[in-house]
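Labels A, B, C and D are assigned to the chains in the order they are written; within every chain, residues are numbered from 1.
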Amino acid sequence: MAGNTYGTVFRVMTFGESHGAAVGAVVDGCPAGLDLDVKDIQKYLDRRKPGQSRFTTARQEADEVRILSGVFEGRTLGTPIALLIPNEDQRSKDYSDIKDVYRPGHADFCFDKKYGLRDYRGGGRSSGRETAGRVAAGAVALKLLSALDIEVTAFARQIGNIRVPEEKTDIRESRENPLCLPDKESYEKASEYLDTLRKEGNSAGGIIECVVRGLSAGLGEPVFDKLDAELAKAIMSIGSVKGFEMGDGFRSAESNGRENNDPFIIKDGKIIKESNHSGGTLGGISDGSPLVFRAAVKPTPSISLPQKTVSSSGKERVIEIKGRHDPVIVPRAVVVVEAMTGIVLADLYLRNILSKEDKV
Amino acid sequence: MAGNTYGTVFRVMTFGESHGAAVGAVVDGCPAGLDLDVKDIQKYLDRRKPGQSRFTTARQEADEVRILSGVFEGRTLGTPIALLIPNEDQRSKDYSDIKDVYRPGHADFCFDKKYGLRDYRGGGRSSGRETAGRVAAGAVALKLLSALDIEVTAFARQIGNIRVPEEKTDIRESRENPLCLPDKESYEKASEYLDTLRKEGNSAGGIIECVVRGLSAGLGEPVFDKLDAELAKAIMSIGSVKGFEMGDGFRSAESNGRENNDPFIIKDGKIIKESNHSGGTLGGISDGSPLVFRAAVKPTPSISLPQKTVSSSGKERVIEIKGRHDPVIVPRAVVVVEAMTGIVLADLYLRNILSKEDKV
Amino acid sequence: MAGNTYGTVFRVMTFGESHGAAVGAVVDGCPAGLDLDVKDIQKYLDRRKPGQSRFTTARQEADEVRILSGVFEGRTLGTPIALLIPNEDQRSKDYSDIKDVYRPGHADFCFDKKYGLRDYRGGGRSSGRETAGRVAAGAVALKLLSALDIEVTAFARQIGNIRVPEEKTDIRESRENPLCLPDKESYEKASEYLDTLRKEGNSAGGIIECVVRGLSAGLGEPVFDKLDAELAKAIMSIGSVKGFEMGDGFRSAESNGRENNDPFIIKDGKIIKESNHSGGTLGGISDGSPLVFRAAVKPTPSISLPQKTVSSSGKERVIEIKGRHDPVIVPRAVVVVEAMTGIVLADLYLRNILSKEDKV
Amino acid sequence: MAGNTYGTVFRVMTFGESHGAAVGAVVDGCPAGLDLDVKDIQKYLDRRKPGQSRFTTARQEADEVRILSGVFEGRTLGTPIALLIPNEDQRSKDYSDIKDVYRPGHADFCFDKKYGLRDYRGGGRSSGRETAGRVAAGAVALKLLSALDIEVTAFARQIGNIRVPEEKTDIRESRENPLCLPDKESYEKASEYLDTLRKEGNSAGGIIECVVRGLSAGLGEPVFDKLDAELAKAIMSIGSVKGFEMGDGFRSAESNGRENNDPFIIKDGKIIKESNHSGGTLGGISDGSPLVFRAAVKPTPSISLPQKTVSSSGKERVIEIKGRHDPVIVPRAVVVVEAMTGIVLADLYLRNILSKEDKV
């Protein structure tokens, strides 16, 4: 029983294989009357596009999105918004040599086990290209949120072991360099590190951080669909993400109650938290502080160094993966994290409206 | 729109407030014909029960579960299995002083913002007591899995900053000491640390690790309901969990592709992975290796030290939380992690059956 | 994959077998802050209770409901509302002779085929007793609707071939006689007819009509969850219902466009329909006219006349069903129709709130 | 909260407005490994295509479907199957005069009330054109069913008041005449009747019957997702359907238990029902007999006779609907009924696999 849909009210389904006719998404449940133009979507897809620096694959994908339905005279109709991104630069031949062999760190083996067959061209459905649909759908969510003054910003907190310290973090800088690092010095170090790896045919991982501002208290649905839980699922569903933490996250395990609890205070007549160890949620519900969370991204599994593996017919083999691959996934995944966060928040925002009888 | 149900095929709904008439769960979608006795459930609830050591609250809760439906002559009927755990030791008075004040680190403030009212007695729905329903339902899932030779085991990897090293890990030991630490020496250090905190009215956090053996390749539903994503959601939905990682998790961010990729090899005529940095999933699908994941648990927010906070009417206050509280949540949460893992796997196991046409 | 839950926002799950420990329901998604007392629920259950006339089974069922969760100090909490109705008068022995034989017109055979086993006592899960849970949950929905001035009324339009003509319909009368017929003369004819059938050990069917007043335009979610479609599903899910029609229903098949179309007019400054052939929906959305729909109910399958059947081991047999049975299901099903209608409307009412951006 | 998806395991979402860029569907949950060719889908779309006789609109729609994803080398991948049908003959100008006026019998008024705006061109989302997506998706379901030797056949049982008697029914004939009536004589009478109506600018209704052969016992999920209930929902979700009945349906209301109960007998060593008043279900589960059900279709609401109505600004108006319209919806809806039935059965077939533990 397939799992290609995320969300309950604001629902997103993606479809498409890397080297099929198209990838895309359908957004169902977006309220009617929202201003929406194709440009609102294209600008996010452009940030995901490869070939923009030496740190991303040289593949050329135009990634031009078409709105097939659900928008009329510049406004959403309340009907499904189908978004289509045709596949273009399909060098399927690059992949013919991996038709019968399982790439380490990739989904090939598991897809064969699960489905009995797979579209081996470019990883098929398990390709990072699937995230183009997420980004397109997420752009709709982010448009809805921006109308509510909610702002979602992700960036690279760490590449390899080069971590940008909290105090040096400058989010604007993260929009200026191709690694999305919010600190120029760190960017330079990371560039060197990646160049070294790239030359030896190796790859790197990193950590993406996301901050959400403007969220009021109340989003998140106990007991299973808590805000933390939904974010964790959405972010961990992005390929290569192997860890998720909210606020102090794993560091809070070493803290103690006195230090970790965020005191409530009154400021400008409003109840706020004095600190934000929790990362913006309490009991799985947004608490009015900024959301802060991080995702650990593993090194790109496609490397050109020789690796031990087996063929689908059960023979041991050595593989060297050719083709064009990102030496680090982090920079292109930043906008995917924003997109998934947007989808989660749009969904929980709409769900929360129905919590209180006096609102209904 | 509420979120009290987890799962799509094997579905679990919990209900109940801490000091209401009862807590419980309904399991829908368990196949007919499974042997099930109330003892299969009670044994898990007994592991969750408080009052079993000085490291858990002194509250007495019998936590005796009744099966109200769905089982006939010792076998499941394929109909909903309703599980009821009456609430007994309800010292509601302990909580009357927190009726109008928001406890730091707790859900009180957010519940008021979200719902406009809350059952303040013992935290109501946001109480850890809700997890009794999860454990009861999880026991049904774990019974189903054990019939398939799938074994789920959780334990404490870390309390405060006392971490059990990989090489000293002895899972049997974790069943012997009240902190569920898989190493006696670490247990003794952690006991001392907790005693110190307890005396000053403070609390600790920690890390729970869970290992699943016997799982075949194929579980997990791309692209959103990946095995990692579903586990992340289920585990992050447990109160106080602030981080989740699969396999090498956050460490993989600092690794490189050559080291992090797990080579495939042939062993005894079977394709297996030579290492398990991935923690048992590739592309969001189980890969046949053991599942390994960890959850970061924040320090118990209920501490008796004075804390700054505000009242529901917006006045700054100082609060000292009385009553009986766990100095560390980790030991009682271990069985909750097993329960939620069981529910995730039972659900994904059943879902996977429908993946291939030759099985249907 | 089980189907014991109805609804998407206002969700109802029922549980329980006829002769198990209890039947009941859990309502999830009811907004917080609704006034709710156990009496609001009990009054509907009392209308469903058997033993109130010679036209219903002589079984005595107290059917006293308990609210286990979700309500605090007389108001809903926004958390699951668990409703429990213990089973009492369980003369299980009456059913031991049908343990191994399939009653014609009943679910016995199909349950065995589907699940491989069944609780044969009183029909188990397929018993009409399951509807007690629906009525309890429906009462919560109807309470929510009544706060919005939406009124749901069902009655018997027809028993056997005795049909109350439109012009003689007096809904108040339907509350006065035990057959729920809205016309005294028809009631007397139907009584005679039923007495004759009862004496020969036979049974009758009939038609239930339901009218909903106070509904504004806009409820129903194209294209699959249309108001008509959701009502059809909910009503057809009641045991023994074999047909459903909206407005003119099957008669509209013989009409023509000029007669069947309802003209729009202006009345008191409001757009209304001049007639209501459509039964209150257009394009699957409520149109502001009263909802009118009907359900065809088959004759009670439990009859004491000898019938041909087979045993579970595949032997031909003759069965005479003893025990206490309703000679016609219609009167007790009237409140079940109201309950299911309430659940459908509460759900679609809440869903509709999220249709327009200016409301969200 | 939108309702554009049907099904739980075999899930179908349709998208698209009548005069937008395209209509289409995405099928999620189709098992991997099913042979599927675009021709399997096109042949059903061709049966739905207008312009094939004087009884359907003269609009020309090529309705050529493209498979965008989910199929590789002629077999399904287990991933979403996106099906695209571009819109071509879009004479949008035909509709500009109904931009501001509510057509009687149409969804215009309700869409405005619900969404605050609508795509008025050709009815937008509420157009019968949306069913092209259903037919395309249904074709995939029917392909899956045909591999299981399950055969779904619908035809016109009645046009206006010309009803084909049971004993004259010849299903092959229904494939020969453009009204899908299974009796030549009835077809001739109905043709005359429709010609008369068409000349006066009026329209007719009718009844569609559907028969399913080859279904084993066990499909349908008590208590809410019963086979009857799911069929009722799916069929009533087709525009213009105002009634649904299973087996004897509304006639069973006038029957009695002795006559209406279908006796079980043994034939060729198998348990079967001697008659089929139930229409193939008992307790909401398929009983091994053929499924038989009927849908009442209202007269086409688009008629060229003058009708009273109001404008969106609240002025009374007289409207004469120009353009090209079907004088009766029944013939083109026959294949839509087959498609929706296929989707329901594919879904319930897959769901039923998970009912018993020994299958899982």
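Note that in this section a residue touches a chain if its C-beta (ideal position, glycine included) is under 8 Å from a C-beta of that chain, and two chains touch if they have at least 3 such contacts.
What you are looking at is a predicted structure, and each value in this text was computed from that prediction instead of being measured.
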| item | value |
| --- | --- |
| Farthest chain relative to subunit C (centres taken as mean CA coordinates) | A |
| Distance between the centres, which are taken as Cα means, of subunit D and subunit A, whole angstrom | 39 |
| Chain centre separation in whole Å, for subunit C relative to subunit A (CA means) | 46 |
| Rounded Å distance between subunit A and subunit B, as computed from the means of their C-alpha atoms | 26 |
| Shared interface positions of subunit B, touching two or more other chains | 1-2, 4-5, 8-9, 14, 29, 32-33, 78-79, 114-116, 125, 222, 350, 354-358 |
| Overall pattern in which the protein chains touch one another (line/ring/star/complete/other) | complete |
| Subunit B partner contacts - residues on subunit C that touch it in the complex | 1-2, 4-5, 8-9, 11, 13-17, 20-24, 26, 28-29, 32-33, 66-70, 72, 75, 77-82, 84, 114-119, 124-125, 350 |
| Parts of subunit A lying in touch with subunit C, wherever the complex brings them together | 1, 8-9, 29, 31-34, 76, 78-79, 144, 147, 222, 349-350, 353-360 |
| Partner subunit A, residues of subunit B touching it in the complex | 1-6, 8-9, 14, 102, 104-107, 109-111, 113-116, 125-126, 130, 158, 160-161, 197, 202-207, 216-218, 220-226, 228-237, 239, 241-250, 252-266, 269, 271, 274, 278-279, 281-288, 296-303, 305, 307-310, 314-316, 350-352, 354-358 |
